[in-house]
């Protein structure tokens, strides 16, 4: 767990390395100016101290070239910081294409996590080293924030919306997980551990029993397939066979990740948020060519069920509608 | 400036001790009122921002919700308020000329028109109350109490009530100011030499009018055609 | 302008028809509670404010002490979590709204603005008094809320916690904040009109003291920003009481919208705190170098630039809020921009010292301390404005350290420096210079020990508003709490010796520090009317050849 008196956090993700590089650059710049000023101030105060022969300051107005110089120089430095910072930021917000997706629900005062094969955790997250992991997060109540200092990543978790966060761990170990947005009494207790394991160990952990699990582990996508039938989604969202009347809803096979045209001409990318919105507020963005007849399922299913349906729709490939939920072979 | 019996009671206007001249005092009061109105623009601006966000997000629900408002009453109110700005301007004019009767008639008309406006608003609010359109638990829209369209419509009414309510509150404050002016006008306080309070209240009243001129189309005329 | 000059000269003769009693100043001009509580004299109102903000500061400091005591140990063992959450919330509310925002404007600004421009009072003395009563009404509601259970939302009132989940006294505190917003607006309005319309003959804009430029820029921010927090608090209250839906995701509302509205004011609010402080520092650096501020016009315009650009950067509080990445880009770029005028000021102050005649009296110690600490605070602000860095440290102690460096190391240092500098003018007495220096040193040392470790804690990952924390953070927390106790002593000493000096201090002359500025050309303390004759200004700002040498400061 580190020394009793750490002064710098471990860097346990690829992102952390980038952040720390930027940090040290800023630190060098800041230290330079701070030390320069902390030295110059007493030097000036002593060198020009009041004494006989120096009872009044020299009547000087200013110097425009100097003003320009010491406006331009800081401006240039902060622009470097801005560009570099933006670059790191974009890296944080652009996950790779292949990720190990974990669903997260924050609620007062715990984190509930679910792996693609259905394995659930509370306040703990096990991940394989070297694999890009992406979290899809929502809150059941107030705003929380998922924060892993060792990875240098943080993202607010909101009610009514998904937010995402991704990282690639580069070192095995156990790292703090904190809630970083004040959420009430147990805010400081709402956290736990992220455990980074060797891939083989992770596979073993993944296929093992979850302590205290109730019922068989079902992957979110498989759970979503059940819900898809249970809530009769398949009655409208299907591929119409030859001679059949056209389906009332768009066929969902292969639709995830594509861009669809809406009534009125706008387009939208079929991502997690759009699928969620379509379930809970179906008439908001109706696909062109279809009538706004889909009922809303708000109040009829909880966040976990919505997440499962999202996972299911994601898993639908063009040719068939069967879910596949094997763990990726690492890397990505 | 003398004008028979309806002029001010004469004499130099009172200049507060911190001012060097009456002109400085008047200019300071004017500038103060303008700065105050700028601040009021920002106050309502927050509400307009909230309005813009939700209207942009839920255009259809908001168009539907807007249909529940009575455009006729809103239009009448708009005309009433614009007319009250005219009568207010007449009051300022009367004060500048020191014409007591013009001041008092104009101020009374302004008050009456303002009261009409608030009365009509009260009727509209009452209708909304009866139709379960108050944005609180118990809200119903097109017969439904839940569902996304209901929530979005509720947001429309939340904006409607807060914006028109804030506006009405400012009108009530304006009422108080007008009554104060009326009292002073009756006593012949205002004249060409000293009419700053009337001018400043006039500015305030015109501002309240302008806010309504924005509110009316934004709230009542959302639905197409 | 010439009309006003001749108007005013004529009027001055007209109004000064009574010979002034030389022994009367604004303090002993009249006696009794009523003469103070119903005063229209800007100087007395400044003293009334001094009492109020000092009370607010002490209460906020008590809450701070409680926080630091709890954080001595990793476990939550000094108070319950719920209590702790209330304590840090109320520390923030008291300090931000009832101390930092009003202090320099309402105390030093109220006292000095008319004097510095050669006026007899502010433009609207009754509004001035009203603003003080509004302050009291606002703090009354807040104290009521504290006394009946407190509030636990954080001073930022984030929704949906504050609207749907907190069971604490959100509405009374919201009301208190709304009311004190009005108080602030009236002060800003008064300053703007006064500075525009009531400058003495000959006092053109570029002859004004830089403190006046700073108060002007501050007042612009007050007028444009405060109404937005007012309406935001109204919406918060309506949401909480009627559940209207503005910020409720289940109804289509957006909790992040609250954050935008809140920070649209609360970011410029920090410039309301720092601009007057910078104005004070300009006066101190100039006086105690006996030299005109280098680049006067640039410093003046930098104040305006900070005020205006400051309205464009609020989104840097929302980088991880779920706000779009592109919005983050824009806000980060603008945040970098706002750093530049502050840097320009720092360089100009230092260039003022160069070839000056520097004397290290207590006010100058505070001014120099301000520069050092503000530089650290400002540089860490640039850090926080850097997108890739902010993700890691936002909502951690790094942010807490940053804002304490600028607010305490910045604003409060300048406030203390200003209080010392103008104390002879305000009270007619000299403060004890020896104890002044001791306190300044204690404050500087205590402050750094309190808050520098928090930068380390923040980068390590300790989140804000944590009642209990992992044990490896303890050493740094103990250092911080130790520093806080030294800082506390540093603040208590001036409280004691200022009061002591009112009775036992040496009498001050008109201009003990050899400063320029019209306030130093009238008695200490000034008469109620400020000046026997309205001055006509024919000299440039900071012309030390036209003022006497400073006297040896008292001890």
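Order of writing sets the labels: A, B and C. Residues in every chain begin at 1.
Simple rule for what comes next: a contact is a pair of C-beta atoms (placed from the backbone, for glycine too) under 8 Å apart; a residue touches a chain by one contact, two chains touch by 3 or more.
Just so it is clear, the model here is predicted, and its values are computed rather than measured.
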Skim through the chains and flag the pair connected by the most C-beta pairs in contact. A-C
Could you tell me which chain lies farthest from subunit B when each chain's centre is the average position of its Cα atoms? A
Using CA atom means as chain centres, which chain is nearest the centre of all the protein shown? C
Distance from the CA centroid of subunit B to that of subunit C, rounded to the nearest Å? 35
Taking the mean of the C-alpha atoms as each chain's centre, how many Å separate subunit A from subunit B? 47
Interface hub residues of subunit C, defined as touching at least two other chains: 250, 252
Scan subunit B for residues touching two or more other chains and write them down. 58, 148
Contacts with two or more other chains occur in subunit A at residues 281, 298
Sort out for me which residues of subunit B touch subunit C in the complex. 15-21, 23-24, 27-28, 31-32, 35-36, 38-40, 42-47, 49-50, 53-54, 57-58, 135-137, 148, 151-152, 154-155, 158, 161-162, 166
Subunit C residues touching subunit B in their complex are 3-4, 7-8, 11-12, 15, 114, 119-125, 185, 189-190, 192-194, 196-198, 223-228, 230-232, 234-235, 238, 242-246, 250-254, 257, 261, 264, 529, 534
Complex contacts: residues of subunit C adjacent to subunit A: 76, 81-82, 85, 152-154, 158-161, 164-166, 249-250, 252, 255-256, 289-292, 294-298, 319-322, 325, 328-329, 332-333, 336-337, 339-340, 343-344, 346-348, 350-360, 368, 371-372, 375-376, 379-380, 382-383, 385-392, 394-396, 456, 459-461, 463-472, 475-476, 544-545, 549
Residue numbers on subunit A that touch subunit B, as the complex places them: 280-281, 283-284, 296, 298-299
Residues of subunit A touching subunit C in their complex? 1-9, 18-19, 22-23, 26, 29-30, 33-34, 37-38, 40-41, 44-46, 48-50, 54-63, 66-67, 70-71, 74-75, 78-79, 81-82, 84-93, 108, 141-143, 145, 147, 149-150, 152-156, 158-161, 163, 176, 178-189, 281, 298
